[in-house]
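Have a look at the structure below, then the notes.
Order as written gives the chain letters A, B and C; numbering starts at 1 within each chain.
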Amino acid sequence: MTSAHVTFGEVAAERRISNIPLSHVSVELGHLYMDDFEAGRDALRRQFERVRPWAETVTQINEGRVRRPRISTCFLIDDYFTRFSTPSVVIGDLLAASEAAGLRIDYIARESGCAVADGVPLAELVHARLVPDPPPGTNGSRPPPHESGWLSNGERSPSGGVDEAMGQVAAWLPPRENAARHHSIFLDVEMWTDEGDRRIWSCPYLAAVWQLLRLGLLRDDGRPVAVPVPAPDPLPDDWDDLPAIIQMVPSAPPFAAYTTMSVLSSRFLPVEHAVRVILGQVSISAAVLEQTVRRGADENLEIPRDILKRIGYAIPGEI
Amino acid sequence: MPSPARSDAGGDGAGILIGEVHTGLLLNSASLRQDMLPAVLGLLPGERVRSFERPISHAVSPELLVGVDCDLSTASGTRVRGIGTLAVRAAITGGRVLQGSAWTRLMGGHAEHRLPWSHYLARPGVVETVGRRRNHPYHADLADGFLDRTNNRKAPGIDFGAICGQIMGEVQRSPYLDRRSPFKAARTTLRWVAEESPERRIGFILGDDGSRTTRITFDGQPISAVIELCEDLALHDWLLSTLLDVIDRGMPSDGPHETMMRRIRPAVDHLIHLWMPGARVVESLLPLWESLDTKPGFTRQWDTLVNRIRDQLALRTLTLLSASAEGVPGRNEQGIRS
Amino acid sequence: MLVIATSDKGGTGRSVTSCNVAYRRALQGSDVCYLDFDFGSPTSGAIFSIDPVSRGTEGGGLHSYLQGKIAEPQRIDVWRQTDRETLRSRPPGAGRLVLLPGDQGGGEFSMTKDILQRCTKLFVRLLEEFDLCVVDLSAGRSYAAELVLAATAQQELRGVPHRWLVFHRWTRQHVIAASGLVYGRRGLIEAGAERGHDSQVLADSIRFVRTAVVNPDSEELAGLRPTQVVWLLDCNKDLQELARQHQLGRTMVLATIPLDPVLQMREQLISDRDVWASQIANAATVAAFDQLARRIADDAAWDEL
């Protein structure tokens, strides 16, 4: 009997993960809230002027590391917690102010896009991927205790009270950080609240999704999400008509990058701590993780699998 | 395609793979249709349910991760702390059999203490032991400790049972199922250890209460292939156990025909066509299956049972036919005894 | 199928009857599990004569499970673990008989969303493996009853048949109390409707079991004076009338369990051997258990009532 070489495959059985283009660094030049906008164009320009030396430093550092660094810049506008003005007015002001300060904004994103981008519920996709940091002694016997909508980096203080009729009264215990060496820095982050049927994601939660987008680590059934599109001309009057991420400079390097650098005012420090507590518990698809590491290796770059190691900040005070 | 358990972690090579597969009956009146599988097994939004139609309907949920930080079971009773994640998934075969499968790779970690959680999430499906240890006796100690369910000295270790139970429960509570299964069946649990070795070995031990253990070696195959082999083994062991139970109880020789039919019918309708050993096992691991099929001889036993059922059914049908040919008035099926 | 055993007052013989029914049903070939939901006093282990758990288990029972302390509650194979030799080893053709005991020293606890979810999960889990799950509640309006009412109204259990057996002794006080538990304010039907049950469907799934019933015509009472017999017959007639007025009339009764000295002295499983070989129990009792066990799962028996 002769044997034949047979190949047989089923489309529904395959896992395909799209590749997306990657820069070396994604630099966030700022984050705009209504208050910042209402402070006026001059205030915006001064803010960009403070950011500029940090952005230039990022370029310098990377020029020393790779031959031709691909560095893209981005800017996030809050249209989730408060709605103000219109895209054409706000973006017009932003571009004018950044240009005056000598900065180039490659991509502009709106915060609502971190919750749902082009119909894909990103915040929910990320929420489903949370693998809570297990306190010592966790062996899988029971699901980790959770407070609906909250995520912490350790064990909460017991709530006290009595479980059963005539049962023992629980004594107070301090909360404890799981990775504590000697002392704890325990943080409990509110990820969302429900208002009626609507889930309101918290600012650090959406900021965590924002970081994952900038790192190019999110997929929906293997497909890329929140893909940047060229800025429509003219810009729409309604924020909802604006794509999640728009590309302002046609020749800009790719939006997503191996690493991110955010230049933020120090008032965002607690938010970013919370972002890291959340991101430290998001399980990235192994295939996507592998893909990024392999592509880095192709460029002779060692990309850490631990995503927190790929996220950097410059946090000047508010001078 | 990289498997999730692949990792760059560990100072001691491949480590050992440990896992558990739980198998039971899907809680639905009819066999689940192929097009319903993605909805029922879509446990992780954004990730695809992989489904196969040939040679038998089979679908696998996306893999979920579960975090642990606990003392591992060792045969010697030595304390070994393990931190990391398990991968767990659910699978449905033939629209009828549900499996919960969890596994992890035990590897020596670099650190003397616990690292930030993001370090472990970067190595999905790996549990790192804390502190440096030498390779072999240490692996054997962990493998033996894991497989021995009776040793009281050891730490309880990772609760694979609870983790498999959790994911199976999630599927069973799916809004797409009606939870009216045509018959009931006990679950079985297969606990397995796989070590990399050029020497080809497989061992299988049948325990009480549906608990089984198996120990295998593999040589260069991807981890996913090893897991699929264990799942296939667990599936067929469950089919055999369930059919044995059905026959044990459904075939007392003097029972009324209707009672016998009520017990045997589900097995005929829902189980018999599911026997397809090795259907999804990679070629290079098939010899392991084949050696198990020689001793103790799974397929041989299965064939014997199936033939017994067929003989009984044929016999009963003949009896029925002859009874109706006699045209006994007022006699129904229920009244006829063999 | 879920069968929930409850009563308004204590001392109805609810637990001992439901244990015996579980046992009979297993003998009839079904896979049966028995859940001790009498959280204030988890002593069903004693009825099955399983000494280590006669006052609940130390190995993680239903209390620990429902409060989220363990992943799955302990299961005890009655055929293997019972101390009574005549019951040990499963007869040919019999199904599994498994006890899920409460925790030793466990007490009542109130229902939370998490506990409700765990209870629902447990029922779904057991329905995969067992034909019949007998849930024995504590007497009266209890947290356990509230929990099971809420769980059976969950989406996951909508399609699963669940039937309620309300036990009461055949006395004025018990008849009135049992009626109150079912039809009264904050009774099963009203509380069930509040938790999402359809009142009519729920009412149709409730039947009564009369226990410790004295049959004035029975042989045992042959020694009574004629005046006593007349008086007993009068009482019985009054009770029938009272029961009818309280919607506990004959059509609502699934079984009548005769008074049996064995059950009065010691609550235990009654084996056929206890009747035929040692003759300590009455054949009528076993027949009543056996019939109840058959009728519980017999759709026709429920429709025709």
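Things to note:
To be clear about the criterion, a residue touches a chain if its C-beta (ideal position, glycine included) is under 8 Å from a C-beta of that chain, and two chains touch if they have at least 3 such contacts.
Per UniProt, the chains are A = SCO2522 family protein; B = SCO2521 family protein.
In this text, all values refer to a predicted model and were calculated from it rather than measured experimentally.
Distance between Cα centroids is largest for the pairing of subunit C with A. Central chain assignment: B. Criterion: smallest distance from chain C-alpha mean to the mean of all protein C-alpha atoms.
Computed centre separation for the pair subunit A (SCO2522 family protein)/subunit B (SCO2521 family protein) is 38 angstrom, with centres defined by C-alpha atoms. Taking each chain's centre as the average of its CA atoms, subunit A (SCO2522 family protein) and subunit C sit 56 Å apart.
Centre-to-centre, using mean CA coordinates, subunit B (SCO2521 family protein) is 35 Å away from subunit C. Along subunit C, residues 71 each make contact with two or more other chains.
Contacts with at least two other chains are made by residues 140-142 of subunit A (SCO2522 family protein).
Residues of subunit B (SCO2521 family protein) in contact with two or more other chains: 159, 162, 166. Partner subunit C is touched in their complex by these residues of subunit B (SCO2521 family protein): 24-25, 27, 159, 161-162, 165-166, 169, 172-173, 175, 178-181, 184-187, 209, 249, 252, 255, 259, 263. By the touch criterion given at the top, residues 8, 10, 12-15, 121, 124-125, 128-129, 131-144, 153, 178-179, 181, 218-222, 279-287, 289-290, 304-309 of subunit A (SCO2522 family protein) touch subunit B (SCO2521 family protein) in their complex.
Taken together, the subunit B (SCO2521 family protein) residues at the contact with subunit A (SCO2522 family protein) in this complex read 1-6, 8, 44-48, 50-54, 63, 65-70, 83, 85-86, 113-119, 121-125, 156-160, 162-163, 166. Chain contact summary for the complex, subunit A (SCO2522 family protein) toward subunit C: residues 140-142, 145, 163-167.
For subunit C in complex with subunit B (SCO2521 family protein), the touching residues are 29, 31, 71-72, 77, 92-96, 120-121, 124-125, 127-131, 155-157, 159-160.
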